[in-house]
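Order of writing sets the chain letters: A, B, C and D. Residues in each chain are counted from 1.
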Amino acid sequence: MSANGKPKIAFFDFTSCEGCQLTVVDSLQDHPELLNVVEIVQFREAMSEKGQDYQIAFIEGSCTRESDEARLKAIREQASVVVALGTCAHLAGVNALKGLHPLEEVRKYVYGDKWEWYETYDARPIDAVIPVDFAIPGCPIDRNEFIAVVKALLLGKKPPIPDYPVCVECRLKENVCIYTKGKVCLGPVTRAGCGAICPTYGSSCEACRGFISNPNQDSMKDVLAEAGLSVDDILQIYTMFTTYQVREKLLQKG
Amino acid sequence: MSLTILSKQAFQDFVARMLADYRVAGPTPKNGSYVFEEIHDPSELCMDYPTTLLPPKKFLLPTKEVLFKYTRQNGGVLQDPPETPPTVLLGVHTCDLHAIQLLDTVFSSGHYDVHYMNRRKKTIIVSIECLSPCDEHSFCKSMGTLTADEGYDLHLTDLGDRYAVDVGTKAGEELLAKYATVKTADKEDIQQLNAVISAKWPKFPYRLDFDVSELPSILELNMKSPLWQELGDRCLACAACTNVCPTCFCFDVKDEVELNLVDGQRVRQWDSCQLDEFATVAGGHNFRASRALRQRHRFMRKGKYILDAHKHLGCVGCGRCARACLVDITPVGVFNELYRQQEAGS
Amino acid sequence: MNKRIDVHHVTRVEGHGNIVVEVENGELKNCRFEVVETPRFFEAMLRGRPYTEASHITSRICGICATGHATASLRASEKALGVELSEQSWLLRKLTFHGEILDSHILHVYMLVAPDFLGVGSVIPLVGSHPEVVLRALRMKKLAGDLCAMVTGRHTHPIAMVVGGFTHFPKMSELEAMRQRLIDLRKDVEATVELFSKLPWPEFERDTEYVSLSKPDEYAFIDGDIVTSDGVRVPPERYKEVTNEFMVPHSTAKFTRNKRESLMVGALARFNNNYDLLHPKAKEAAAALGMKPKVTNTFLNSAAQVVEIVHSTEDSIRIIEELLNRGVQPEEPAPVKHMPGEGVGVAEVPRGLLIHHYAIGEDGRITAANCIIPTNQNINNLEHDMRAWVPKVMHKPEPQMQLDLEMLVRAYDPCISCSVHVLKIQS
Amino acid sequence: MVAIASYPQTQVYPTIEQDIYLPYLAEIADIRPMTALEKVFTIELPKGMSLGHRPGQFMEVSVFGVGEAPISISSSPSRSNGTFELCVRKVGDVTTALHSLKPGDKIGLRGPFGRGFPYENFRGKDILFVPGGLGLAPLRSLINQVLDERALYGRVIILYGARNPGELLFKDELKAWGERDDVELYVTVDRGDETWSGNVGVVTTLFKHISIYPRNTVGITCGPPVMYRFVLMEFFGKGISEGNIYLSLERRMKCGVGKCGHCQINNIYACQSGPVFSYREIKGLEEAL
């Protein structure tokens, strides 16, 4: 706590587009009073001040190189609550796409004969390196959800992250289901909380928020196959944001 | 009460005049489908519509509503939620009308629910006779909801260039008197009404293979049918079925708080028995942990439990859940299959 | 006089970069801008993905210019596959692009640059000392975000833009409301011009080659030829003739140069090359800010952004009025004419020229991709600017010198996380 | 299916227009820590109000900003005069928030809700109580009611089990009950420790210590879901009839008044028809146990 009793929070970024941090800045447009209840002590994207005595750390981005692990551990040491901010941090997100190709080949493709200059390994979510208390899913995060999570943390509640599928929010918004237009959508297996924003704007859910805890993947695959997708197509749509999750599952199954 | 005639032009004027004093909602087109929406001009209405994505229930039991507001200071001073405006619901199909009658029973009996009932009392319902089936999923005729004798304030039947209006309540009568220019039906009108109604019935197929009065006992006898497991294997647990249902009324209650962490509100929002957490208690025990049990619960409610408790069937045959389901779980399919299994077994 | 400035992670810029400057006996020994952002390998990731996903993947290169990346990406696929956009789609694309320019420029000038001039470390202390400035900035930025959201669902990682058009269309009532808000915004825009016209911009001149897109009839943001202030003009497909990427070990980003030792892209380059096509009100703003091409003070890149804020506000109002007049009709995306194909998409994102170049195979999957990011093109110029700037400031106390250097970096509005998402030319 | 009888119910919301979701405020008069996880709260009702509850009924308890949770009334009507008690286990949002409150703080209340125990019908009979863990909280209300009108009942037998000695609730009262010669108390823990010299084993292992006359015995149990089946088997094994077995069932509850659907057990609402049921009433219900 700071002298004024406000909890101190800090933001950190790893491999990411910084869109989630930007969404935090955007959330201030609607909720400038956030600054009355917390004290932001680190936010490199938006401020130069650097305080080291934070209690809540929001971490954006995936861990994609060994040299980042120490920094993550230091954050964990200091913070009493660590929150993964966005899909990169929560599930490795799009960063994990590079893992679909052999690593050395990927490095050479981009940096040619200088490939060894640049350190990298397969993208991993933050909780593969340090224990994470909560995650705010989404690519990018939903700004209302961010505010809701902050409020819950301040009240000592579990952050209200839904564990039901996007379809719930989608139907309540009275969207015409993407499937009736002959296209496919991952809404039935994807964690809600985004307000089904993609189907609402006429686009399929790509599972950026990751899967619910108990998805019926077998039935989902049947639905996709029925819609005309090949095994290859299915694999491809399942790897946009959830490559890491899908791989973990496969590994578990052996 | 005598039958009244409202020309289509007079209907437009009727709606336009009501707009001054009422919130008016009715079927409007949206992305190739239809939704019940508040309108601001009669031209937004499309009274000849197949079905809507969500039922008109949402005006009586909003998807999310404030139960009351509180402040955490001084232990919470409680304030009432905002008032709802007087509302006219236009173009309600008779299946949805039956569903509203069930909801009225649910929320007025036992512990009286002021939130629903206040809205209900402020709502005037103008229903409309369906003259052809919405699509292959509707099975209103089998469920006995293809017409309604009560539950409406006014009821319209489309006679081409005019509507025949049945007056159901005093409120309906007053609404008509105050805002509409009507004429009393003459012999020709009545003849045409009879002709329209007689022509309509054969257009609707019976889709259950048995009489609906047998439904509760078919379900009761099939508690252990292997069908539930089959449904559970297919079900995505996406809750589309219950979210679009005109009779589902389960809800969740939550506290929300402003960023000052002092003021807040308690809200209720639609919930679904198909979701994992619906029956989970502290310690993680889930009383309906499998999708199979949850599907069974859903159909039992629709065809039996709700009837036991509230004297109305929990399914009105609108077909919305069948349209919404991505894995083709439909009440007609399920009920007929249970009937078939039972016949085969006996 | 010995000094070593080592700013490990410059703050208030997008991404991770370090300034390293060493002065020994009053002489500049070493001067580097290190990009230490983790490499992300987007180019390699795109291979094998369907072209329909490309704009969603590449928008994740950068959360700030997501709409810009998505636009350049869509243009690359559209050029590759012979897709012709409808007039309505063009209007919507341009409208949402203005939203992006506004959002990014407002963020940059108010939240990242202004604190330096007001002597504070971030926008947060300004909440107490200059609440009206902060509230104005938040108000303006919110409008910009809402403008994007109205068209594409959200500003960061737009949803409704697809190859050939859109999947969602704003309602007339939304357009009308947005028009009104933009008209009301003019007051805030004027106040912005006034605020920035009073700032004591550092005195610094260094002429360089200014590179931007150019179109005959409009201030180019999407499509156009690549032109430079040194008289080069090439169609987008020949971008490599201008960009000439090369790598240096201290940076994960690639560098570029053309005729001179370095080149500059961004608002100042656009301003210098396309001044004539600015909206009259934007020209007035430029006058108020004391700017007339050719401006060679890098710090005035931020001022050029203010000029563009005026331009984009006015042009958005014009586009919305056109949409209101012609009406918005839901329409299916324009069809793909041929497959396979190869195409180059170009756009002037807030920080300058952005190029996406894709080859798409017969099955609709991307076989090769290349992407040239504005910040990459600028870093080389930034280092040359630093070399010219250090001698002017090295007599100052270290903290002041450091701040002066940081301000120079910030003037570029570098987007470092973008810059490392280099997609290599596969020739 | 057996019809669910309705016992005399407390009429809490007498006028129809009153809002059943609106809590009234009450003050925490006292907080007693019980175990690492449980605390007992004494709640003082607004002046002039009496709860008028039956043992087995529950309250919907609000901490504003956090939410609402159903909590059994743990004190007996015989001892509730302007105050009553709740025994709360810290497991989630609301219960954690309750644990962080202090005497003098206000909470919101709705209720009492549900159907309590029909203890008038137990008069003259022997009563066998089998609480497990937190199940003692609701049963304590009934036990104390019975003890306060002790002469009206036959034998009082209590078989109580907890996971370990540290989790035993109401230790003072257990001691007092144990010292009475008109109460037969047996206590066990699943796992003992160095402080424990009593029985070790699950609660059903206590049945071997007692002999009863089943025709005149009422068996009552409350505890975690896993426990019911085993206790029931013991009741049957002792020959207690279905109509003389009572259970208090836990379900998820949101409204407490038979609307929200969460607590539904087949066609009945646990909050309205329960949480107390006779076994005969629920044995036909697939989902009850």
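FYI, a contact is a pair of C-beta atoms (placed from the backbone, for glycine too) under 8 Å apart; a residue touches a chain by one contact, two chains touch by 3 or more.
This one's a predicted model, so the numbers in the text were calculated from it and none came from an experiment.
Enquirer: For chain C and chain D, what is the smallest step count along a path of chains that touch one another?
Expert: 2
Enquirer: If you average the Cα atoms of each chain, whose average lands nearest the overall Cα average?
Expert: A
Enquirer: With respect to inter-chain C-beta contacts, which pair, B-D or A-B, contains the greater number?
Expert: B-D
Enquirer: Round to the nearest whole Å and give the separation of the Cα centres of chain B and chain D.
Expert: 39
Enquirer: Counting in whole Å, what is the centre-to-centre distance of chain A and chain B, each centre being its mean C-alpha position?
Expert: The answer is 38 Å.
Enquirer: As a quick test, compute the distance in whole Å between the mean CA positions of chain A and chain C.
Expert: Chain centroid spacing, chain A to chain C, equals 25 Å.
Enquirer: Roughly how many whole angstrom separate the Cα centroids of chain A and chain D?
Expert: 43
Enquirer: Among the residues of chain D, which ones contact at least 2 other chains?
Expert: 65-66, 92
Enquirer: Enumerate the residues of chain A that touch no fewer than two other chains.
Expert: Within chain A, residues 155 contact more than one other chain.
Enquirer: Hey, what residues on chain C touch two or more of the other chains?
Expert: none
Enquirer: According to the definition already given, which pairs of chains are in contact?
Expert: Those chain pairs which touch are A-B, A-C, A-D, B-D.
Enquirer: What part of chain B is in contact with chain A in the complex they form?
Expert: Of all residues in chain B, those touching chain A are 30-33, 35, 53-54, 63, 233-240, 243-244, 254, 257, 259-261, 270, 272, 275-277, 291, 324, 326-327.
Enquirer: Would you mind writing out the residues of chain C in touch with chain A in their complex?
Expert: My answer: residues 9, 11-16, 38-41, 43-45, 47-50, 53, 56-57, 60-64, 66, 107, 111-112, 115, 121-124, 127, 134-135, 138-139, 141-142, 145, 152-157, 159-160, 162, 166-168, 247, 249, 252, 417, 422-424, 426.
Enquirer: Can you list the chain D residues touching chain B in their complex?
Expert: These residues of chain D touch chain B: 13, 16-23, 25, 27, 62, 64-68, 89, 91-92, 95, 105-108, 224-226, 250-252, 254-255, 257-262, 264-269, 272, 286-287.
Enquirer: Residue numbers of chain D touching chain A in their complex, please.
Expert: Going through chain D, the ones touching chain A are 65-66, 92-93, 96-97, 100.
Enquirer: Would you mind writing out the residues of chain B in touch with chain D in their complex?
Expert: Residues 67-68, 70-72, 74-76, 78, 106-107, 110-115, 223, 249-255, 257, 261, 264, 266, 268, 271, 273, 278-283, 285, 287-288, 293, 297, 300-301, 304-305, 308-309 of chain B touch chain D in their complex.
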